[in-house]
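Heads up, there are several structures right after this.
Note that chain A is present in both complexes that follow, paired respectively with chain B and with chain C.
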Partner chain A sequence: MTSLELPEVSSPHFSTQATYDGNLIRVHLAGNADLHAKDALESLLTRLHAEIQRLGASEVTVDLHDLEFMNSSCFKSFVSWISAVQDLNADKQYRIRFLSNPAMLWQRRSLHALKCFAIDLIQIEQ
Partner chain B sequence: MHPQTALPDEFLARFRTVALERLERLEAGWLQLTQSGDEGNLAANMRRDLHTLKGDSRVVGFGDVNLLCHKLEDLLTLAQLRSYQVPEDFDLVVTMAIHFIAMLLRKRVGQTVGGIDLAGFVQQMDDVLREAQAQKPQPIRPPSRPPSVLASLRADRLSRRTRHYLAAAATTVWLEHAVASGRSRDRLRDVWLALTETLSVLDSEPLAPRLARHVHTARQLARDLGKQIDFALDADELTVHAEIADALDTALLHALRNAVDHGIEDPASRRAAGKPPAGQIRIRVRAGAERVELAIEDDGRGVDLVQVRRRAGEMRLLPPHGGELSEAGLLEILFQPGFSTKSRVSEVSGRGIGLDAARAALAAEGGTIELHSSAGRGTTVVLRAPHSGRHLPVHRFDATRGGLVLAAPAEWSVTLEGDSAAAGAGAGASASASAFDPVVLLLAPGTPSEAGGRAPITLRLSKGGRVVQVRAGGAPTPETAERLCATSDDHPAEVVSIAGVEALLLHPDVLPRKS
Partner chain C sequence: MSAKSRPTPFAMQGTNGMMNYPPLHRGWSGRIWSGVRRRVERTSVHGKEAYVELKFCPNVELIHVVRRFVSNFYERLLADADATSRLALATHELLENAVKFASDGESTIRIGVTKERGLSHVTIRTWNRSSAENIATIEKMVDEMSAAQDLFAYYQTVMRKNAKKREGSRLGLARICAEAEMAIDCQIFQDEVCIMARTQVRTESPS
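Our next item is the complex of A and B:
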């Protein structure tokens, strides 16, 4: 099985963990994605995009259940990521499934708004 | 035919480039507003950018961008009412809306917009707006960090808040000088002069570079639209207050764009109308004693009043019961907000796009905008604005001591208290007991007593039901003051010059009321 080459972020306030079981890629984000996490998150998503294409995966799950806060700068990284997926040829595009936590205020509307950027590629689940 | 397909590719490309630049500014501005609050003209500039983008997008047929701009305006208006203390998802949706618009602009070039859920996004914007409206405003929190005066100073332009800080400091220095003696007095005055001069320089801006930039842009637009236009710039050299320059800038942008886009006809139409193929746009700038005047004249088709009247009727803007509007009344309708947003009539007749924004920008600085038009012969837009808002009619009167000259804004009516004459004779102690003495209030105790042999009188300043009593060393006279370093409205005073003499202008609104 080809492994997922994605470095984990581990800082006191923000962390990421990625898994790949040969079929499904799952990325778990936790903590506060504020200005200090911006570069790390941007780098992670860029690398994730490349890895998904290398592995030929058709879907990735992003678990936001434990992500307590995300500021607009970090959210922009998601917008850029989605734009990059949209720019791929149709046969290379992959789906993004966000696992949300309705208790998190910031996720309430923003994830549904994010889905509107690419309704055929994004799925929001609780 | 869809308007987008009717416009040259170069025009659309330029629209897209400019629109994306506006969005970058909007995003940076929004970030700053939510982190530091509104300083200077940031929010106003953002509104102008967004309003212009909305108008431009409608003209070029980007209806979806126009719709999102409109919704975004609603969100920004509410955010301003909440002093930019908005919920997290509100913040994120505003940021995403800016990116959504950018995506729509970029997707236009030979790409499908499939997969984009515009209606769904608009629904989210509406929902977040509705929820925020339903919430009680949070008390305004102080910024998370103190405002950085040094950071503002590093910028090319000082924010209004920073200017007020410095002006208040300068006023304090001047007051210290007023009660000092000997070399200290001279040194403090030198410091005050240096502060005042620095403020004046930092606040001023020459108009010429802005005019040149606008003419250059207008030439490009004319070329993009396939029009032949000769531009003539007849301008006095002058420097104006930076905020005045901004207001003129906005109005000039709209006036020139309308003249090129809608005023001047294409060469074939001009020949058919018996005109030379090349149109003329002349910009005149004149500096009067108190105001600067910019006139933008074109020899184009003029405003199509028939179309304006028809559209005004559709929008129920005409007088009821069949009343007729004069030509001036019809032209005035062009300044109505939203007049041109729901119909292409204004695109044909021109003149509707952004005139309300231009008027608002000028009015905020005490300026005006007028529009004159002659069918088939052209249109003239006249912008007027004060040089700097520096001249102010005042009541001048002497202080009771210290040799100081005081003043109060002329918008306050001033009368002598009934028994002031008696006070002058030494019998009015009871009448003047409730009046405050500005010198005592504003200057440190121990002010040198220089009553000059004149007995104090009591002046009654009143405006809109508010009454303030002031002790003075003489009767008031009407004068014009030059504001040297204007403090904020909630500061009790500022230093002005009256006929070359430094004086202290009182702000009665924040002085003690009559008990």
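Our next item is the complex of A and C:
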């Protein structure tokens, strides 16, 4: 099995963890994605995009269950990532499945905005 | 207290007593401050304003602390989880913008809630000094949002327009309109900018 080469982010207010079992890529975000997290998140998503293509995966799961908040800078990192997926040839594009937390009410609105941005690529689950 | 006075790094003013706050234009029909000082009266009385005002020196670390604090404030006054979430998002975005773009490192946020006939009128204002370039950007965005027929469609346009830009998200104000469902206005006085976000929340059944 080829491994996923993705750095983990671990700071007091924001952390990420990525797993790959040979089939499914899953990225878990936790804490506050705010100004402090922006650079780390942007790097992570850029690298994730490259890794998904290298591994030839057709889907990635982004687990936001423990993400308390995301500011517009971090939200824009997701927009840029999704835009990069849209720019790929159709046969190279992959789906992004967001796992949301219904208790974090902001997620419903923000994920809806992302879903509308790329309706064919985004799936939202609880 | 003056808008120009130097704030303590994290000073907080609550709802007790009367106070002056930076000059506001009455009626908000234009974008130039009148220089009139208003006094805010004691709160918690029906029809009067409950408010909280915070002054910041640049301390990004504290923004999420403030978001949690004001979430409790909203929750207590509005008893509406969805409205609390929307307002907390708007507060965070406005405060982060104010801190990020304050040219002298100082910014102020003031949140006011007035209850009237089963509705809570919520106003969030931030003040900071900023560069001419930033002020022009804010004015342009506020003008665009004012002219937009569909704020969610406008938000999607801004997302697409900025998706490949490296510097700045430029999504904060549009996000407040589209996701927090608040109306945005701004007032400029020389190098000072006041951004105001407003909404109404139903808090009591109409009698």
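In this section, the second predicted complex is superposed on the first by the 126 of 126 C-alpha atoms of A that agree within 3 Å, B and C clash if a C-alpha of one lies under 4 Å from a C-alpha of the other, contacts with A are read in each partner's own complex, and residues count from 1 in each chain.
Following the convention adopted for this analysis, a contact is a pair of C-beta atoms (placed from the backbone, for glycine too) under 8 Å apart; a residue touches a chain by one contact, two chains touch by 3 or more.
Predicted model, so just to flag it, every value in this text is computed and none were measured.
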{"item": "Touched partner set for A:54, first chain B, second chain C, both or neither", "value": "neither"}
{"item": "Chain B versus chain C as contact partner of A:116, first or second or both or neither", "value": "both"}
{"item": "Contacts of A:36 with chain B and chain C, given as first, second, both or neither", "value": "second"}
{"item": "First (chain B), second (chain C), both or neither touched by A:13", "value": "second"}
{"item": "Partner chain in contact with A:92 - chain B first, chain C second, else both or neither", "value": "neither"}
{"item": "Common interface residues of chain A - those touching chain B in one complex and chain C in the other", "value": "69, 71-73, 75-76, 79, 83, 105-106, 109-110, 113, 116-117"}
{"item": "Chain A residues within the chain B interface of the complex", "value": "69-73, 75-76, 79, 83, 86, 105-110, 112-121"}
{"item": "Chain A contact footprint on chain C (complex, rising order)", "value": "60-61, 63-64, 67, 81-82, 84-86, 88-89, 92-93, 96, 100, 152, 155-156, 159-160, 162-164, 168-172, 175, 178-179"}
{"item": "Chain A to chain C touching residues, read off their complex", "value": "13, 32, 34-36, 68-69, 71-73, 75-76, 79-80, 82-83, 104-106, 109-110, 113, 116-117"}
{"item": "Residues of chain B defined as touching chain A within the complex", "value": "30-31, 34, 87-96, 99-100, 103, 114-118, 120-121, 124-125, 127-128, 131"}
